[in-house]
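Shared chain: chain A. Partners: chain B in the first complex, chain C in the second.
Right, the complex of A and B next:
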């Protein structure tokens, strides 16, 4: 029973990783940038949800604001930080991204205070559903449902709509896509808008799950999401999804059976090292 | 040109004004930015209240106290140059750390070599005071805290109780856990299983699921409030109904904000009873802190306040600000009223003896339950 419960808990957290990492892998696929500041957008989303929900009493409004603000923040990051330096070597945008992430963390601290913020009213936080001895809080359930809906929705969009096909074409071969009349800059904006909104939602859900939003909440997620996209095979959305869920489950078991030896945060990297030794290109990456 | 001249005169005037009213300079470092900034902010406000109240009452030996405050970002590589700057440039006669163990331990060596008395207000790493005889600690070490918790559990729930331990795996958590396990063994308590987690952990679902199967009588949780809040909420959400006993660092009003109803009934060994009326400056301190900070005082703020007060008291008793005399006066401290409890004495390595207060969360407030004052258990290790 414990075995099943650990898998379910792991999958719930894996869903959060997925929402976070999909945006990162899309950015990497399109621009070859390791977008570390994505974790700053994640925390920004959480702050939007908690401040708006506490001020207005409406969680839905909080999430709506978070989606808009995170999405716009993603676009702003692309336009102001990355676009001017795209012609530089790959490490230059990465350094910029790390700097931006630190600035964002300190910015949250200055604007929202060094202490974290808890939700005034978070009814789903402790309330839980016990099915066959497995306790899942409503927030964990919401996390799974939201992740499935958004990721499936994105899959349909990318597979069936004109804009989605254009997007995929741009990722595969930007030059060819351009000569077929697809505007690559618009695809980039769309990419940052969607990926960042997703990260913002993930941040809001984690805020609800912990009932605590803090300036440094993006920290652990930032490097874990990087590990995930490397694990999944850089740029592969399907690989990223599989890697996210797998890492969630591996961590859940690790937290119980390996924590005396390794920190939970280290388990992910141990897993990454083992996988990369066997498959250097990642789970679904191409050589 | 004229403007420049006036500015120069004004600057010179300021300089003279600065040196004319002689001040006692006490160095203070705490994290003002970075992840630990929240505690650093509380510590600094606590220390500043002490400074202001001392000065309002005429200062120390006729001189005002000046706190020279630096941001150590909770980094040892920052605290060492800060300590050097405090000694060489600011010429402080004493120093206080309002920071965690890492930076405090590094700075302690510098102050030791320069022969400047130094108090670690709440950094609990054992090595801080081991650098020599110039460093003192204004808070109990982890080990006696853990031992006190074992005694509390044995007294309250019986000596045959089975305990599940949830331990944060940094030096703070480990030292408390070590003390707990040592005393638990001596008392006959059974530790069913110990789960460990990192400082950054907020998700305890897997641990809770496994702890449920252990079916212990009591849960003993060690961690900071921002880890502890999500932890106890998830323990309750996971269906565990056992009593929870927690370590000192759960003591924060944020615990209730984060854990909400799940915080009710948690016992904190080493907590701070907010309803206490002794010492006389305790309630005024809580009120003043809330006024300045906008939120309720944490134990770290009280620790820093008391450390500044203790340093000033030692200077008064020494009748001098000569570092060697202040150090000797500090070492000779007896029955000093700290906000967190009376400081009985310092042992030979600068560790204090102080009783442990046990509080319980009742209607969202920390209420005093009992005081553990047992020399055999709480005597500071040398």
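Right, the complex of A and C next:
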């Protein structure tokens, strides 16, 4: 039964990675920036959920605030940090992103304190659902459900709506899309709004999962999300989703069977390096 | 007071070797690395392990340097397979793999690291002088390298890999050479560090350390030797001169990274070149 349980737990983590990685891959697909500061947005979302939920007693209100605030933060990041330097070599936005991430992390430390905040009331943290001998907490189930709903919703949006088609056109060929009357800047705003809101939700869910929100919580998750988008073949949403779930499962097994040699974070990256040596373009990337 | 000066001088010297070594990989040869602290760590762990067994200082330094360089060449092989953004994330991953490995090794002290490392057998001030000597040697070597035939080739690889290959440059060899030299020097810095600190913890060599090294290179001006030297001295002294700067050290680093990239992507060296036309960027 351990085998099945590890797969299910791995998939739950994979869903959370997917919510982070989709935002990163959208940014990369559009602007070719490794958006490391996404980790800051993730932690911002978690802080919004925990402070609002503790103050008002309503988890739903917490998530609503988190979605709005992290979405707006994403737009602000694009407008203030990335837009002025887009014409420079790829190295420059990446360094800016690292700088921004450090600033955000230190900002949380100053505003919310270095020791982290727990939820006053987190019923999902302990509540367990046992199906056929597999124990899942409600938070893990929520992660799977939320990720599926959001990713399917995004797929429908990209496939069926006018704005979605405009977005896909801009990712494929920005110049051509512009000649057809699509405003590329608006597409970028939409991109950051959606991706960052997703990261905010993921942050809130991870806060619930650990019942703890701290300034550096974005770090490990988003470094792994970066590994995932590389693994998926930078810019490919489908590859990113497959890579997220794969990494979640690989980590779940690795954390049990390789526990004496590597820690959890190392296993994910080891997997990345091995795959890249075999397929330098990523799982689904094109050369 | 003299021990305070010795410790500051030692830290500046070690940081300078680290920054200049990354500058050879990322500045001269254009290969982004976000995991440089791992090689610093490999040098430190190798030297510390041998020092605890009773090996003398020259042996441990040399072993740390060779070990880091050898592993660096292996890691450099990844730069032949993946480029640019892929390489940035891969090297970042190397840092996490190193850390994750070291943390789980009982014979390397696990989370607690290695403590009780014997001293260098020199007065702290003399040892600081030795570190400065090594740092000066690395400065001279960097300048020589930059002006040498190999430096020009690095430049070509950094500028346009495919064009370099077209004119007959063996790109792979030069990339591996850059990784080998840069990581070996980081290993040397690690070896020097252990006799100064006398204790090493895995967290000393984490992602934040990699970013700190990168910060010195980027703020100094990627590829510029004197710019990197100036930035290293400035950034290391900053927390010492101002209490506020010590409390908000990381915040200041982050903000400086953003501002420098926004207004002068060439760093201090880029600014200097603006002030003194004919370009003074060696």
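Basically, the second predicted complex is superposed on the first by the 287 of 287 C-alpha atoms of A that agree within 3 Å, B and C clash if a C-alpha of one lies under 4 Å from a C-alpha of the other, contacts with A are read in each partner's own complex, and residues count from 1 in each chain.
Following the convention adopted for this analysis, contacts are C-beta pairs under 8 Å (C-beta built on N, C-alpha and C of every residue); 3 or more make two chains touch, one makes a residue touch a chain.
Please read all numbers here as calculations on a predicted model, not as lab measurements.
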item	value
Chain B versus chain C as contact partner of A:260, first or second or both or neither	both
Touched partner set for A:91, first chain B, second chain C, both or neither	second
Chain B versus chain C as contact partner of A:49, first or second or both or neither	neither
Partner chain in contact with A:59 - chain B first, chain C second, else both or neither	neither
Partner chain(s) touched by A:100 [first = chain B, second = chain C, both, neither]	second
Chain B versus chain C as contact partner of A:212, first or second or both or neither	first
Contacts of A:135 with chain B and chain C, given as first, second, both or neither	first
Which superposed partner A:276 touches (first chain B, second chain C, both, neither)	second
Set intersection of chain A contacts, chain C complex versus chain B complex	106, 219, 259-260, 263-265
Chain B residues touching chain A - in the complex, by the definition given at the top	33-35, 37-38, 40-41, 169, 194-198, 200-210, 213, 226, 229-230, 233-234, 236-239, 254, 257-262, 295
Of all residues in chain C, those that touch chain A in their complex	32, 78, 81-82, 84-86, 88-90, 92-94, 96-97, 99-101, 103-104, 207, 211, 214, 218, 222, 248, 250-251, 253-258, 261-262, 265
Complex contacts: residues of chain A adjacent to chain C	28, 32, 34, 81, 84-85, 88-96, 98-103, 105-107, 110, 219, 223, 226-227, 230, 234, 259-270, 272-273, 276-277, 280, 282
Contact footprint of chain B on chain A as seen in their complex	2, 5-6, 9-10, 12-13, 106, 109, 113-116, 118, 122, 125-128, 130, 134-135, 137, 140, 206, 209-212, 214-217, 219-220, 251-253, 255-256, 259-260, 263-265
